[in-house]
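Okay, so chain A shows up in both of these, paired with chain B first and chain C after.
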Partner chain A sequence: MAQRITVDPITRIEGHLRIDVEVEDAAITKAWSSGQMWRGIEVILKGRDPRDAWLFTQRICGVCTTVHALASVRTVENALGMEIPINAQYIRNLVMSLHALHDHIVHFYVLSALDWVDVVSALKAGIKKTVALAETLSNWPGNSFNRFKAVQEKVQAIVDSGQLGPFANGYWGHPAMTLPPEANLMAVSHYLEALDYQRKADKAIAILSGKNPHIQNMSVGGVTAAINPDNETTLNIERLYWVKQLAEEVRGFVHKVYLPDVIAIGALYKDWLAYGAGVTNYLAVPDMPLDTRGTSFDLPGGTIVGADLKTVKPITGFNDPYFKENVVESIAHSWYKGDWSKHPFKEETVPDYTDFQDNGKYSWIKAPRFKDMPMQVGPLAQVLVGYAQGHKLTKKYVDDALSRVSTLAGAQVGADVLHSTPGRHLARAIRAAMLSDLALEHWDKLVANIGTGDLEIFNKPTFPKGEQMGFGFHEAPRGTLSHWIVIRDGKIENYQCVVPSTWNAGPRDGKGAPGPYEASLVGNPMANPQLPLEVLRTIHSFDPCIACAVHMLDPHGRELTRVKAL
Partner chain B sequence: MNQSPKTGILGVGNLLLGDEGFGVHVINRLQESYRFPANVELLDGGTAGIMLSPFIEDKDMLFVIDVVSLDAEPGSIHLFGHEDVCAGNIQTRMSPHQVGLLEILDLCRLREKAPQRIEMITVVPADLSTRIGLSRPLARAVDRVITLLLGRLEKIDILPTMGVV
Partner chain C sequence: MTRMVEEQATGFRVSRRGFIKGCTMAAAALGLSETMVPKLVEAATSPKRPPVVWLHFQECTGCTESLLRASHPDIGRLILDIISLDYHETVMAPSGYQAEQSLDDAISTNEGKFICVVEGGIPTKDGGIYCKIAGRTAMDILDDVGSKAAAVIAIGTCASFGGIQAAEPNPTGAVGVTKLLSGTPVINIPGCPPNPISFLGTVLHYLTFKRLPRTDQLGRPLFAYGRKNHDQCERRAHFDEGRFVEQFGDESHRQGYCLYKMGCKGPQTFANCPAVRFNDADVWPVSCGHGCVGCTEPDFWDTMSPFYQRLPGVTIPAGGRGIVDAATSKGKVILGAAAGAVGIHAAVGVGKKIFGSNEDE
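Let's turn to the complex of A and B:
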């Protein structure tokens, strides 16, 4: 008999997301993804000075502050046809990569590891066996007998106290939790360490940006982080070396803990490599520009259609018409007035709430499409478009990770396993490894350029009379983020943000094609509809963030899962 | 507690959603109008989640200013003391902000780096629509919250002075 399951809200994400699935014979047959919060903050920008837009857009979301700041300044610069000094480009690249490193580490350990790791099972782990397991993965100093013993005692104390804290909502003992106790203990230990390293990344951003959250050093035309190697109040050599030190420590954690952990979990859950592919059209934009105009990049962008790497088509720069002309948003199934697909320059945002209608409107999220196709965005898209184009750094890390998964799983796996729920985690960890290398490379480039005596950080923007249109993108931790602006006589006439989670979490479009979350759930197993762990695994693997949003204390609890026989 | 406990005043909320930004408005007012001793740190936390953990972890005493979803008069102030926070009488885990402040506090506690005392000073919002600025009842509540906060600080011998740096 078919059952309808509603998970509302999905926990451990930013924002309010509702997922409905139909289950038959212990597998998901149909799914709906519904954003339960209105997203229309852009209206606040109308009539304002375009130079201030980034300060507002970075308040849209509490997690993605930096990414909206960066996309916004790029957007206004694009509308004005500006270049920025190379120092500003490098500083932005450093901020962007450190932010992504923070975000990827937090996502894996704090927001999704508990979908795969059974904390209570860690109590049964042998300490010596845990050390032995960890040694096969890396030589991280934190993988010691004393450390694992202390962590196990801490878990015991928590379980004895009955106050499970952050572990309270876990699915302990769920039949889909199949890691050996030693792997669970190792993962809990790394979970507790992860916070120290995401914090180092944050600290480095704060040194470069003055403040975090809400960086203060962006500006249309460059950055405001004045460089003077010998001045105490500016970005000087001492501060630059502090940033380097922190970036190196974060790199160590990514290479020796995060990436090996994800490889191990991918291998130990190898059955899951068959689930969660969903939409296999991919979109990523290039990032970490290497010149003042944004025509060459350290991270490639492009599109792939239907999981076929041979279809890859590159997106080459900040002005590429292939990106600019092919993005539309559909509201056929979204709570906005009308039934249109429009280019972001021409969109309007007029809310029109109905109830949740399975075949009608059911989400506040719009459905973005590229050449009328749904696209999956995020680290997996970025890694695949790089891999398909033979990008050296991507190829090195992907091939290495797949060979380590193969060894641990005892079965040869190829790049096709990346189209899956664990594949998204693996791609994110690979991207983190690449970013941790590139952050240090861009640090070197910045310092070398300062060494030539070039201290320029800012080109002054000027706003001509009349209308200008521009777009700016950034390959954010959750994928392709684009902002779109229409400026008239120096004021904002229209502003739209097409955010990564809109691409992934959006509803069906006018042709009935489901979005990536929806498609990825179909075919997933479901051991116990009362405890829909499998839904969380697949949705969390996208790193959902749909808050853009609010922060209110709620003194009342509410039920999380409703199951209904159909 | 030692002579000068490290004290944090954390204002959270979204500035673009009217009263939702109350905590941030209070921090801005405090920074404009008062000078605090060196052991006190103020933070506009926005709607950040886990990013707030470094700020929280190195404090002995933490005051949080936020809005609260209660069926009470807009602008009314509700205090949640340390015991309420610890006993789990309030939940943010199931609120829209899924990595809520309380979850972060749990995590800090697990790492044995949590403040010894936490107090939440919260206000019931009137208007959460997309706009910048507070509604009238909440604009009036800013001064009342600041008076209340200064009273709490005085109890632990923290006496800010009026005036801009």
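Let's turn to the complex of A and C:
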């Protein structure tokens, strides 16, 4: 007989998420994903100055800080038909890539490692054996005898104190925790080192943007970080080299610690490569533009249908109608009145909170669809879309990672194992390796351009009378983010955000098709329904961000936009 | 890079030195003499780490993220050595029932003794349904947990004053902690997000002196919110001499002139940004060419916007010729409210009212 389990709160994510599952014969047969918070930021934007929108939307999320800022300025620029100086493009690209590096490192170690790593088991590790294990993975200087010993003593001291803090009531000793003690100790050591390296990425962002989280150097039309090699208060060569040094240090951590750790966990938990695929339609947009208008990019975008890489169809630029015309959001199972699917420019939503109804409405999150299909977004989509198009950098890192997984697991694995729970982690680490290379490349491009004497960072936006519509996208750490704006007489008439975690965490649509979280849970094993570790593994592999996923609607039932043919 | 990694590989001695340096900086920020440093270190490393319960409501986790970026003490040291972070949804290992168990344990074992940190606004409209955790509304949870805490620290502008979700038209009826909770001392650490040193300084102060630091009438500690950004700004000389940025990217911007005409709200914002700066990178928004948006002030989303229009009512020197000119504003209606709010602030007098029963140190 099926047993119903509710996990609320899901922790080690951003925001408030509830997951319900039905379990039968130690496996999940049905799942529901429910966003539990709503703030109404898009409502608050109505009537305001479009130049201010990025400051507001950035506060949709402090974990995904920078990403809504970037999407928002691109959106207003798109509505005005603007281009921005190439220096501004490179600075934005640096901020974007460094933020993604911070975010991926934090996600793997702080938010998800404790699903796979048994902290208490690390106490049983032999130090010399741990060093030996670590040396098979990389030559990272932090993998030393003294370091591992100090970390083990630290864990022992915490356990002895009886104050386990955030580690209390963890899933220690759970039957699904199968790493050897040495792997656990190494991972705990890297968890602590990760805290230092994520901070380096943030520091580099702050040098360019004033502070972090919530940067303050964007502007519709460019960036505000003035460049002047002959001034001590602006971006000069000292500041720029500081950014470079930090980016290099972070790159070292990604290549020698993060990526090898994920490869090892993927190999040591190879049974899990069969679980968690869920929705295998993928969507990613291109990013890291190489020109002032966003027509060529370092990172490719596109769609894949039904796990078939041959179906790949590229998304080519900031104005590509293939993306613009095919996005809709469904509210059939969301706490809004009606059961429609509409394009973001046409949405008008009225709240209708009903509490949790299994077959009715059960979430504040909407269900976005592309050509009426649920799509999985995120690093896995990014990597697969690039791989399918033969993108050189993607192919290099995917092939290398798969060959290392194969060696460690003692069995040949191909790209098909990426459609899985560990596959999402692996794709994220691959994406991080790519971004760590590209950050340095874009630093070179920026400095070379400054060297030509070009110091431009800003084109002034002008808002004509009448109506302009625009959209902007950004391939954020959690996947495809798009903002949609209607401007009337220089003020915001309507603003919508279609967010990565909305694509992934959304509920069923009008046809009953489940969203990626829900689909990915079905078939997962569950050793002990009272201790839902396996649910956490699969949900965390998406890197949920619920503040992002739920952000919209008008509680007074006012029409937010006039319906308009596109 | 190798050298630094080796330093880390030698273990925690380096971190401890960094930590003591952090305590020294925190002491300086709190206006204490260096002789207090050993006491701060002792308080912060006592055998039983003080329990902390961290609640998330309508928020973006930016305040937690800011702590992740703190360097002194860093997050590892904070949660492993200084406090016992018994409940914090973003970092804790357990979920669901086990997470609720952690909350119950922390409260029942430490009733009246734990510090409650609140991140995020609290929606009050429609019975509070806009934010629920484990089936309970944020209002219920705050009432239950907050009333059993020794003190509540409201981190960020959302928990302090309602924040972005409370901006017009405040669709969910969001408010800050002090609007709902009575009977438990509350201190506000606003900012979007606040500088982590402002939060950590408050925690260390409380652990050391067993009371909260002195505050202004908005509940903000004086060591962090006692002065205006404008009065501590490195570009102040340009303001005084009438040298202003006229447009982003122009020659005046490349010379690092004053950003007042670009909409900087520093003249009416009480904060420590130019003094302590951010991310150990010697920066704050103004140093990266963008005006202050006033994020430590109540209702700044409404009172300080549009963000690229200048504050009214500020008397500015003009053109370096000694001619004094009163600024005009296009955003009179909204910005007028900011001037009003600050006027009240000034009338009451920053620092005149001391928090709770604190006496002068």
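Here are a few things to note about the model shown:
Heads up, the rule we're going with is that the second predicted complex is superposed on the first by the 545 of 566 C-alpha atoms of A that agree within 3 Å, B and C clash if a C-alpha of one lies under 4 Å from a C-alpha of the other, contacts with A are read in each partner's own complex, and residues count from 1 in each chain.
In this text, a residue touches a chain if its C-beta (ideal position, glycine included) is under 8 Å from a C-beta of that chain, and two chains touch if they have at least 3 such contacts.
The shown structure was predicted, so the numbers you read here are calculated from the model rather than taken from an experiment.
When chain A is checked against chain B and against chain C, the one touching more of its residues turns out to be C. Once chain A of one complex is fitted onto chain A of the other, the partner contacts of A:480 are absent, as it touches neither chain B nor chain C.
In the superposition on chain A, A:6 contacts chain C only, with no contact to chain B. Contacts of A:44 after superposition: both chain B and chain C are touched. Contact with neither chain B nor chain C is seen for A:184 once the two complexes are overlaid on the shared chain.
When the two structures are aligned on the shared chain, A:203 is found in touch with chain B and with chain C.
Touched by chain B in one complex and by chain C in the other are residues 9-16, 37, 40-41, 43-44, 56, 59-63, 65, 106, 110-111, 154, 158, 165-166, 168-169, 192, 195, 198-199, 202-203, 212-214, 547, 553-556 of chain A. The residues of chain A lying in touch with chain C in their complex are 6-16, 36-41, 43-44, 48-49, 51-52, 55-56, 59-63, 65, 85, 106, 110-111, 114, 119, 140-142, 144, 146-147, 149-150, 154, 158, 161, 163, 165-171, 192-193, 195-196, 198-199, 202-203, 205-214, 216-217, 219, 221-222, 224-228, 231-234, 242, 248-249, 252, 353, 455-458, 460, 530-532, 536, 547, 553-556. Across the interface of their complex, chain B is touched by residues 9-16, 37, 40-41, 43-44, 56, 59-63, 65, 102, 106, 110-111, 154, 158, 165-166, 168-169, 192, 195, 198-199, 202-203, 212-214, 547, 549-558, 560 of chain A. Of all the residues in chain C, the ones that touch chain A in their complex are 1-2, 4-6, 8-12, 47-49, 51, 56-66, 68-69, 71, 74-76, 79-80, 83-86, 88-99, 101-102, 105, 123, 125-126, 129-135, 163-165, 167-172, 174, 192-193, 234-235, 247-249, 253-256, 278-281, 283-290, 293, 301, 305-308. Listed in rising order, the residues of chain B touching chain A in the complex are 12-17, 20, 44-54, 66-70, 80, 89-101, 103, 106-107, 109-111, 120, 122, 125, 128, 130-132.
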